[in-house]
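We just call them A, B, C, D and E in the order they show up, numbering each chain from 1.
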């Protein structure tokens, strides 16, 4: 038997930041592949909202063209909101989140990686579907690039803000609609600038200002949101 | 056998540790130490606070008062994570991933003990042939065994095991005992909660009996 | 900052705070009501009618002070929450969470009086104007904070989580304040200055100052009372609470 | 010791249909009372959707008045959709649903009672809020009664249809958006007749036909939906 | 003591009962009977199919082949519900309801044994004083005890208990044994899965050992 056994850090290696990120990425991609259909759900949901609207408004292409950008933004926002529940809840329920907190890498880093993956898997299909949805709603073609730019900048911002809210509510068994209630007020500025940029371009004004504001918001959120979300998770898991 | 505790500070120590929920004490001020090569058996009735204690030690809950020392140094929760591996009531398994895939992810997250591989660990816990079975398809005891494989792979010297024997068959109980024994032999330590219905592992053992603080 | 922390620490002993709140809350209420009564009487009956709006402008004396309070209380709630999160002072958690319902009430009053005023002025109850909308969102944030606080079981964790939300939500306050300048808005621009030159008739100002002061005092009183109630609830069962409630602890333990 | 012990139905009484319904009602009302705020959430969510739309459409009262009925119907529908997740999922996760299946009363009866309670607690606050929301969207006052009638008939129908979908997906761990995807196509007819009735009255046509159709659908669903949902639960729990 | 099985059909009987998941057999054709006043101890390693068997008997899963008889009559699942009470891995407790409120609801659902009340049952399982505690605030063992109280209140003659001993302290194990004993004395029957790590209750007992069908 070993007379003076090795102590602390016994035998083995702690993972680097990149190791942990790679592990998380592999896991999430595997899960995504296992439930391929799920990745399309936000896009499909947005499609459904658009269709519902088109039906509720009756067959009036001109009216539709007027409200198209707004409806598309709201649809994207609601789809993102619904997907929010899958951000941390599954991991909280099966105890994975506890292990995240106990891992030798910063929780904020894991949160950031997870949020990025979540955004990529839910928002990209939606972005791909946008031109098609825009066509359905008779959005004037000229406005499409602005809409796409706005969504490309806005959806990661929505995901980051959403991560904070999802983290705050992760300790609750059935958060239900509460997540929406907490997230939507914070989403409003994104919506205002996002939909505003399209409206501006529709009126022949310059949409760049609103888009720049979205970009600035995104940069700030990239720094602050993971830290805040990590703090929220530490509060919520108990 | 030389006793390392004579030369070195204890691997894990609690000094006046207490916890309260909504200002109601759950366990009183506790003082104990666990040396390398030693197991601490935590006993107590249902609701005595065993689970809560382990979660406080792991850093999942914030103690009301007192400090937790690892290797003689008081540390905050994040710094403690390198030293601790925690097996709780929740299995931390993704239902839709295969058993081996689950282990691989957890190794990426917590690091890996030198000379061990997830595949070999599955064999050790008696799950050979279940590598590709989805976690959701495992029985209660098989899930427990998979969690034990994770603990086995962790590089952390201190194991916190919450009711590791529950749901296991006799063979599984023997497995836990052998794992703990091997871990202690390599200089680790283990804290094990149990209801005393099972044989304690044949290792150098201290006991901590908890009672509800009322 | 250290001074503030030390003060909270001293005040933070639950029995001490209980006594403090019990002593000062009635004074705050009494003084607040007196000042508000004077201001209200002046505003409703003494100040001459507006040459444009007639008498309908008088609702200003409710609308503006409560609008200011709705924002002030949110900022205060975030301030308490930040202290509570950083230094883990329980009293600050209690104070922060006591702010929320009062602030929500002031927000509702602002929205209601604004709507009532809007009908004669703009011909509509509601318009999706930046200031109106941002004030409505402030109400949602208040409701979110309250909802989160109630949805979590452990009181301390609940207060911390809700406090975090309050801190995040502070970003909304400048939007409300400057929405009239950033966007073209139906709503009146910055017209009133408590100090310095105001673009409002000078005779209208003193009653407003009185009511603003009165609402502050009233708020302080209800903050103390709410915090005291929460404090007592959390400490229920402790000896000092039983003593204060007149329960003889020794006698109860004897058998 | 008893030489010939009593057998089967040992000693005690099985509950009657009314007993079981009363127990379920008491339980749900207690849960509701315990989390009072939750009851308001669907109404608040609908309000949020209305706010989002109003903001996304820009400040244009005339345009808003035109789309108001559609927005309100979509908002009610989405709120109902989100609330759907709480219909059976909680009971499935903690094992209550197993006990429902093992209770000596028909599962369909329990499902019907639960669906009714769920409808009452989520839709009534929403119905109460509707006049207010309509005002926010500048809906012409004359159309309000038709809108209210439509929602009063339509929301229980939506709940019943939703119950079937919720039952089908109850076995899945994280149904997330899937519920929405399955439910929305079935919701479409309700939306078409509901929003259609308001549109008809806006054009001065008679809305009664559409409302009668909703009523007929409701009666059919009241009979068939609980049976179907019960069958779906038996399939899903395994 | 006269043996009722000589005069009457067995309370519960399985005839050639088998179950398969995705066409893979989980347990082979099983034949067993359980008489009134008798316990059936189901043993087997982790993954042997014990949980699955109980769920099939309860009617939560549909058997692949064979029939289940209650009191000598083959019945379909809904008709069987009056005769069976099932304690599974999931506690069927609403986290936000108090312990007593949970019991009251479950009694409303399953009926109630004559002469028993939820309040008294809480005392029997050792949860006196926890009447108003929310289910979410109970420890693992306390939750198990609450589930046992539900079983105790059920009017059904046949108990299906899946690992009733897990998470319980020694006192709790004794409690389960006493409950089973009392139930059998009144003419009931119980099927109990266990890993054999615990003492079996001192009652007339048959054993069924399950092995993985591979």
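Just so it is clear, a residue touches a chain if its C-beta (ideal position, glycine included) is under 8 Å from a C-beta of that chain, and two chains touch if they have at least 3 such contacts.
Keep in mind it's a predicted model, so treat the numbers as computed, not measured.
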Chain pair showing more contacts of the two, B-C and D-E: D-E
Farthest-lying chain, centroid of Cα atoms versus that of chain E: C
Chain C and chain E: spacing of chain centres that average the CA atoms, whole Å: 56
Whole-Å separation of chain centres (CA-atom averages), chain C against chain D: 37
Rounded Å distance, chain B centre to chain D centre (Cα mean): 45
Overlap residues in chain E, where contacts from two or more other chains coincide: 89, 95-96, 136
Residues of chain C engaged with two or more neighbouring chains: 133, 137, 140, 143, 147, 151, 154
For chain D, residues that touch 2 or more chains besides their own: 35, 44, 48, 51, 55, 58, 90, 173
In the complex, chain A residues that touch chain B: 1-15, 19-20, 22-24, 26-27, 30-31, 34-35, 90, 93-96, 98-106, 110, 237-238
Contacting residues of chain B [partner chain C, same complex]: 21-24
Complex contacts: residues of chain D adjacent to chain C: 35-37, 44, 48, 51, 54-55, 58-59, 61, 64, 135-136, 138
Touch list for chain D against partner chain A, complex: 38, 41-42, 44-45, 48-49, 51-53, 55-58, 63, 66-67, 69-71, 73-74, 77-79, 82-83, 85-86, 89-90, 173-174, 176-178, 180-181, 184-185, 187-188, 191-192, 195-196, 199
Chain C residues within the chain A interface of the complex: 85, 133, 137, 140-141, 143-144, 147-148, 151-152, 154, 157, 160-161, 164-165, 168-169, 172, 175
